[in-house]
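Report on one structure; see the data block that follows.
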Amino acid sequence: MLGATYSLLGIGLTLVFGLMNVVNFAHGEFYTLGAYATFAALALGSVNFFVAVPIAIVVGAVAGALCDRVLLRPLRGESIDTVMLVMIGVWIAMQNAELLGWGGVAKNVPTPLPAQPITMGPLSLSPLRLFVFVVSGLLILGAHLLLAKTKLGRAMRATFQDRETAALMGVSIDRIHTITFAFGAGLAAAAGALLGPVFLLYPSMGDLASLKAFSVVILGGLGNFAGAALGGIVLGIAEELGAGYISSGYRDAVGFLMIVAVLLLRPAGLFARAERVG
Amino acid sequence: MATIGRLLILAIAATAPLWVWNPYHLHTLIMAGIFAVLALSLNLLLGYTGQLSLGHAAFFGIGAYASALLTVKLEWSPWLGLLAAIAAPGLAGWGIGRLALKIRGAYFVLLTISFAGVISLVSVNWMELTNGPLGLPGVPPIELAGFSLRSKSAYYYLVLAAVTACYLVCLAIVRSRVGRALVALRENETLAASVGIDGTHYLVLAAVVSAAMAGLGGGLYAHYVRFVSPEVFLFTYTVTMVIMVVAGGKGTLAGPVVGAVIFTALPEALRELTSYQWQMLVYGVLLVLVLFFLPQGIVPSLRAMAQRRA
Amino acid sequence: MSDALEVQDLAVRFGGVAALGGVTFAVQPETVTSLIGPNGAGKTTAFNVITGFQSPTAGRVTYGGEPITRWRPHRIAARGLVRTFQRTSVFPALSVMDNVLTGLHLRGRIGLAGALLRRDRVRAEERGLRDDARRVIEFVGLGTRGDALASALAYGEQRLLELAIALAARPRVLLLDEPGSGMTASEKATLAALILKIRDDGITVFLVEHDMRLVMGISDRVLVLNGGRLIADGTSADVQRDPEVIRAYLGHGGQGAHAGA
């Protein structure tokens, strides 16, 4: 189940990198934003859980769009290092803003779905986790359809493959950039909204999420949609195995170690031959 | 003109304990010195070789732990501890440089983050070695010719000596063929290879020196604060180093030192007024602002202004 | 003394495409040899493989009898084969002098230990290197621009700087990748004269070019590639008359078959 959410995180990040050549170190912060937005919607707006999640996604996407228009657009021509450092600045700023806004104490997101597993024959499933898995799967499918079938998706893929030609064909590169970034941020926020009830909320939750996202992206190859989707599942499984065989304190190390291993052995990613962007 | 300026600064720095009467301010200067060593080390990689290491706190931490463990558990002399603080991270830097091979740019950043992450987790989980989150208390102070350097003034001079030494090391490297090779790596690695510059060799070189220097900072920290815990691996240390280098002026030698002083003094000044989170928030915003308006950093911008007046 | 640069059955294939389909030729020492052919014929691929920037699927490259296939670029450069690049390649943030000093890297000896411990040797080496650099800068005609930033130079000057950087590395074989592209007629004349001077100094020059007048005017030997295969190898007169060469160029709309930039 975690694998599916890792896929969500990874897809957003890989698209942003592949299309915009931006290494978004603040990716985890949109995840955190999504989680806190859900919390806020539930606690302050007292809306239904099933409504809060879409709201969180929208909040994430809007924040992403804003980020692109204000910060990334003026820096369009700059070197990748400068942009990287800017996103690091955003990361620090966002995380500490959240620390200030919500405090360091972990928060709980109430949900109508029970977390306790129900046993159905030989299987033991938690309805909450099942819900997360299903929704993640639907979102991934939706993203794929968007990219593969819609006019917008075609424009995005065109920009990804050949920017100049796409511009000549009338595609507004700036707008595609903003939409892509918002898309990535929205997916991250979705992951945050979905995982919020499963784990507790605390401001630095984004750090780990960022890291897992990067692992997935490296596993699947930068800019590779299918690779990111598969990579997420692989990471999820690897973590389960790792936590089982070594102590669970090292569970998060699996993500780190995978990054190191893949970078050294197969820098193009495990699934490099799969299609790029849908 | 520039030499007179530098001598003046050195004179002021050398006599500081005489006219800085508030011990808390002296403490700030000592921390600024330690961070200057760290910033200079990061600058070698970021400013000159052009690769960003976001795991630099790992080298700082390894140095601190190396010295602490040897002096606490094996009762070695703190001077040997400092030596170990330089050697151990240097070895790690060598490892990273060798592993990195052709990895550059964002991938390199991720590699360093991962390395730092693993080391951090090890320090927390490997209780037998590091005492885990409880940390290692009772790190002995440094002794010189029978005198224990416990007082702030004495330690200040030790740190000042370290900063000067590191500055001179960086200067020597930068002004030689080695420095040119590093810059060539940053500016155009393909062209550099075509004239015989071995990218991997020089990256490893930069990584080793950079890591060893950061380790020295760690060792100095360990014997000053005399308590080492996994907190040395906190990402905030890395972030602070990055800001010091970027805002001060990467690719210059004065930049990181100036950055270190500003960004150690600033939080101390703000500490009275606001909380730690505000400080980090300001750091993040400041980083973005600097990159927008003063992308070269403070020192180069000042120099450019001075040149325009001339 | 210089040796011959030889290429045997060199091939580069990916997917089903053969960028180079088994090419064999030799570049004789102290000559100006040109490699020409329509766009996409595999010229830059050949260059990349010879200088170590790309790996061949098959075949060997030898220099002076010593195999250098798949060596890393800096090692090949140390052996004496230095190349320039198709797209202007300099160190933009450095001055002309620093650019050339970087090119002189192989002529220096100081490593980390030397830089830290033997400041006197560093000073002496730097002085010597600066003298060498000035000589190279004068040779290519950039004598007045020593302190200018590389990024501030005009396009033609940048290409001369590229040449200077490559020369500084003291090559035995100088591989020039389209050195004349984007140059005016007078700049090309200067370039041609420089190339001949370089050859007369004992350096083998191997170049890829599109400008036929430039090529035919200075080459001792001409190699023609088309579709990854070698279709002609001889003097400029021979090649210009070769029917297969004419066919190759006419088949591509006659581009490059007549002199022009």
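Chains: A, B and C, in written order; residue numbering restarts at 1 for each.
Just so it is clear, contacts are C-beta pairs under 8 Å (C-beta built on N, C-alpha and C of every residue); 3 or more make two chains touch, one makes a residue touch a chain.
Quick caveat, the model's predicted, so the values are computed rather than measured.
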| item | value |
| --- | --- |
| Set of chains whose contacts include both subunit B and subunit A | none |
| Centroid-based (C-alpha) most distant chain relative to subunit B | C |
| Innermost chain, taking as reference the mean of every protein Cα atom displayed | B |
| Length of the line joining the C-alpha centres of subunit A and subunit B, rounded to whole Å | 33 |
| Distance from the mean Cα position of subunit C to that of subunit A, given in whole angstrom | 46 |
| Distance between the centres, which are taken as Cα means, of subunit C and subunit B, whole angstrom | 42 |
| Complex interface listing, subunit C residues touching subunit B | 51-53, 72-75, 77-78, 82-85, 89-94, 98, 101-103, 105-106, 108, 110-112, 114-116, 119, 122, 125-126, 129, 165-166, 168-169 |
| List of subunit A residues in touch with subunit B within their complex | 17, 23, 71, 74-75, 80-82, 84-86, 88-97, 99-100, 207, 211, 214, 218, 247, 249-250, 252-253, 255-257, 259-260, 263-264, 267 |
| Complex contacts: residues of subunit B adjacent to subunit A | 50, 52, 54, 99, 101-103, 105-107, 109-111, 113-115, 117-118, 121, 124-125, 235, 239, 242, 246, 275, 277-278, 280-281, 283-288, 291-292, 295 |
| Subunit B - residues contacting subunit C, complex | 169, 172-173, 175-181, 183-184, 187-188, 190-199, 205, 209 |
